[in-house]
Amino acid sequence: MKPAMTSTSIAPAKPAGDGLRFYGVWLIGIAALVVLPLVFSSGGSLTSFSLIGIAIVFALSYNILLGQTGLLSFGHAVHYGLGGFAACHMMNAVVSHGWPIPLPFIPLFGGLGGLVFAIIIGWVMTKRAGTVFAMISLGIGELVASSSLILRSVFGGEAGITTDRTALPKMLGWSFGPQLQVYYLIAFWLVLSAIAMYALTRTPLGRICNAVRDNPERVQFIGYDPHVVRYLAFCFAGFFAGVAGSLAAINFEIANSAYLGAIQSGLVLFATFIGGTAYFFGPILGAILVTYLQLGLTNVTSVWQLYFGIIFIGIVMFAPGGIAGLLMMHRPLVRAGTLWTVIPSYLVAIVPTVALACGVILTIETIARYSGGDPINLFGIAFNPTSPVTWIAAAVLLVGGFFVARLTWQRIADAWDRAATVARDRGYLA
Amino acid sequence: MLELIVISTLNGVLFGMLLFLLSSGLTVIFSMMGVLNFAHASFYMLGAFFGFQLTKWIGFWPALVLAPLLVGAIGMAVERYGLRNTHKHGHVAELLLTFGLAFAIEEIVSMIWGKSPVDYRVPTLLDFPAFTVFSTNYPAYKIFMLVVSVVIFIALLVVLKRTRVGLIVQAALTHPHMVGHLGHNVGRVFMVVFGVGSALAGLAGVIAGPALVTQSDMAASLGPILFVVIVFGGLGSLPGAFVASLVIGLVQTFAVALNGSLASAFGPLDPSAGPSVLTDVWNVTIAQVAPIVPYLLLVVILIVRPMGLMGTRES
Amino acid sequence: MTAAIEVRAVEKRFGNVSIIRDLNLSVAKGERHAIIGPNGAGKSTTFNLISGHIKPTSGEVKLNGDLISGLRPFEINRRGLSRSFQVTNVFARMTVWENVRCAVLWATGHRYAFWKNVDSLPEVRERTAQILDDIHLTHRRDVPAGLLTYAEQRELEIGITIASGATVVMLDEPTAGMSHAETERAVSLIRRLTDGKTLVIVEHDMSVVFGLADRISVLVYGHIIASGTPEEIRRDPKVKEAYLGEEAH
């Protein structure tokens, strides 16, 4: 599938008439955050919503680097983790000194924790962009993660630092003991951070970040030092990652070295990229999906991380715009009224593509469970991983699905080209 | 003390040569294709596990040849069907692809061989002490590893200096922008170079497997050090990668062997002060710090010489 | 009166090779100055040396009397020198509007501001709109720059270059690869937009050069062999020799 991928810059200037729709989207989002726990009020879903909220803040902060400034970081969890530790220490200090600081203010200190580290290390790190920055961020990530085990007095060694969020002064009668109150605290900071980070994209700095992403050389010839731009972006990303980390610390009442590790850094990269880096809402979609999959898949399969890897590779190879990119690709078609011409080809492609996916899943699960012999339950059908019937089924789905699916994908591409041509003729696509 | 120095120097050089087996391939691939292969350490891990499995089936010596070839073939497939299609989306997409690949390979390896170390043993032919330094027996297998890496090192030099592909690679190292003008078979050159680089990583895995621990997290623990090596040496510089490999190999090996701390050198701190960052730093032994030493070196080189030891390129 | 650009005894060596040797060039304020010369003479290198893209091995460059050699490109740009590139060098994923607006931001004093809404800065908006109008790209304002036609990208390149309001503008082959009609359009655009400014232009099209320039310098093998009015250059025997068989005009 190769339609012209046009990733435009984040939120182009809109005429004032779109204002109502713009605020409408934000208001609907906020309303959804308020209403969600009332609709799904089980403890499990409250926990899930809380984790998703944290993941969204974290992924949005990551996109300040990747999507907006073009900096690929493999160590973003450092700021997340340091924010978490800063929050835990702050909470314990508030309790032991009896300071009148209630819990909702703690994420501010977590953010400062992430920010301070970014200010200190960022100047050296952002000297170089591209691949070198990526490698350096990886190295710094390892450095901090390993150091955290040595500096036991600060990071608490293997056990980490624990805290008690209910021991802080109450605010408006809320103790923040119940998960529902924690959820609303996270939702509050989510809204605040999302607005702040969105606003950042619409400032002079935000736009110059985009320019640095696109062409750091040219930026120098319009008066800007790309190093300074990268550094400032890095500091903002560090602050909001710290906020996310402190929300996690409040949620779990602990911060440990896993917060700053490579896995956490990898997950935020996955979430952001899968969601799509070219649009502000991309990382939000990605964080929801990845967190949801993470929570859902861990109970179903032992190799859930492999599925992440495969999804990620698929997105990188076939849809580098992520989910948001795939969605937004259709906007010109919707406007030009040609979307209906591609829908049939999508419907045709669904069957073989699902068959292919089932083949992949069946193959992976067969290998994973071969020695254990646990049956595989795929859409209610039980497969025995040691039975040749299963192997044949997997092979047929995999190979047959692939070849048939490839034909249908070609049809999608053709239908797309025709629809896009019409859309271009009608002036909805550049 | 002298014993420690001799043994650590030997081990350090060995570790350094092993690092160079990996970093040389990584550097050449980066210079020619602009891709930093995040999955390079994963190919090393695949080499170790293939070596383990093939040793079990057909013995160590056939495995020593077959496993790197297998890994090389996988590398070529990755280049042909993955990187080549991703190239149009830029270097970040390529780096991300190899990152996803590294992640997936680790999961596949732990899915097949489990998460705990496998019993990958030194072949009986080499399972004897080569010589004794003071009171320490130095195993023959390590000498074998050293010989293999030196032989490969020399072979690489010969290939670079004497063959057509070597000339192309050299040209790519000094004039990266010219690679595009190599002609119509540039795709095949890329595929071969990527395959050879992967095979070398695989070979490093086969020979390192029995001496170190063969486990599904070995790529994740070695990978970052590998990237430190090539940033430290200067991205795209083969001599830089060589020097950096040896420096980091030696420094880390010595650090692991040293048990001293500030407390043992200057005496313990006043215990009434209580635990603090200072006491943590004061009491930690050099051996405990060893894992972070490469990263500290990275920070230092970034401050002192952002291009790396022998790097000339901006990005 | 101090010259807008004063290049004195500049040399640039790459290894043992001198690309530029003993380069002397003086461009008066308000002058339209063209640099011509055969391919590989070092015209783009001269641009890179003046604009800070590369640093001279020796010698000095002055902008309005201030020493600028050794400064970095953005420092030179902030002192009022702006340049374009021979190969189109725009912000590909950003819209035409954003491209020009980014180039306006530093000069209007907003710099790295992260507390202002970029959409509600009236002087930025007006200036951006004015420049889009000047380069005839208003109807394409919401198109990503990477999707423009070649000629449009060249016009955008000029727009970005003049957006900061720099008093010294350097254009590196602005009409390269354009059709005859497009070239004429571009020349009148350049003439209008650089009115009252100092212009240094590298150009291969001799009709453009002789139609536009007040003074011309001829660069051969990294050295300026002649500098003067178009009439003087036309008559100069050294120039004739250098161009023998190279250009027919």
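All chains are identified by letter, namely A, B and C, in their written order; residue positions are counted from 1 within each chain.
Convention: contacts are C-beta pairs under 8 Å (C-beta built on N, C-alpha and C of every residue); 3 or more make two chains touch, one makes a residue touch a chain.
It should be emphasised that the depicted structure is a prediction, and the values quoted were computed from it without experimental measurement.
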Using C-alpha centroids, which chain lies at the maximum separation from chain A? C
Which chain's mean C-alpha position is nearest the mean C-alpha position of the whole protein set? A
Could you grab the centroid distance between chain A and chain B? Build each centroid from C-alpha atoms only and quote it in angstrom. 31
Distance between the CA centroids of chain A and chain C (whole Å) is 43
Between the Cα centroids of chain B and chain C the separation in whole angstrom comes to 47
Counting only contacts in the complex, chain A reaches chain C at residues 6-9, 12-13, 199-200, 202-208, 210-211, 213-215, 217-225, 228-229, 232, 236, 278, 430
Can you name the residues of chain B that touch chain A in the complex? 30, 36, 82, 85-86, 89, 91-93, 95-97, 99-101, 103-104, 107-108, 111-112, 220, 224, 227-228, 230-231, 235, 275-277, 279-281, 284, 288-289, 291-292, 294-296, 298-299, 302-303, 306, 314-315
Parts of chain A lying in touch with chain B, wherever the complex brings them together: 70, 72, 74, 124-125, 127-132, 134-136, 138-143, 146-147, 150-154, 262, 266, 269, 273, 303, 305-306, 308-310, 312-313, 316-317, 320, 364, 367-368
Chain C to chain A touching residues, read off their complex: 51-52, 72-74, 77-78, 82-83, 85, 89-95, 97-98, 101-103, 105-107, 110-119, 121, 140, 142-144, 147, 160-161, 163-164
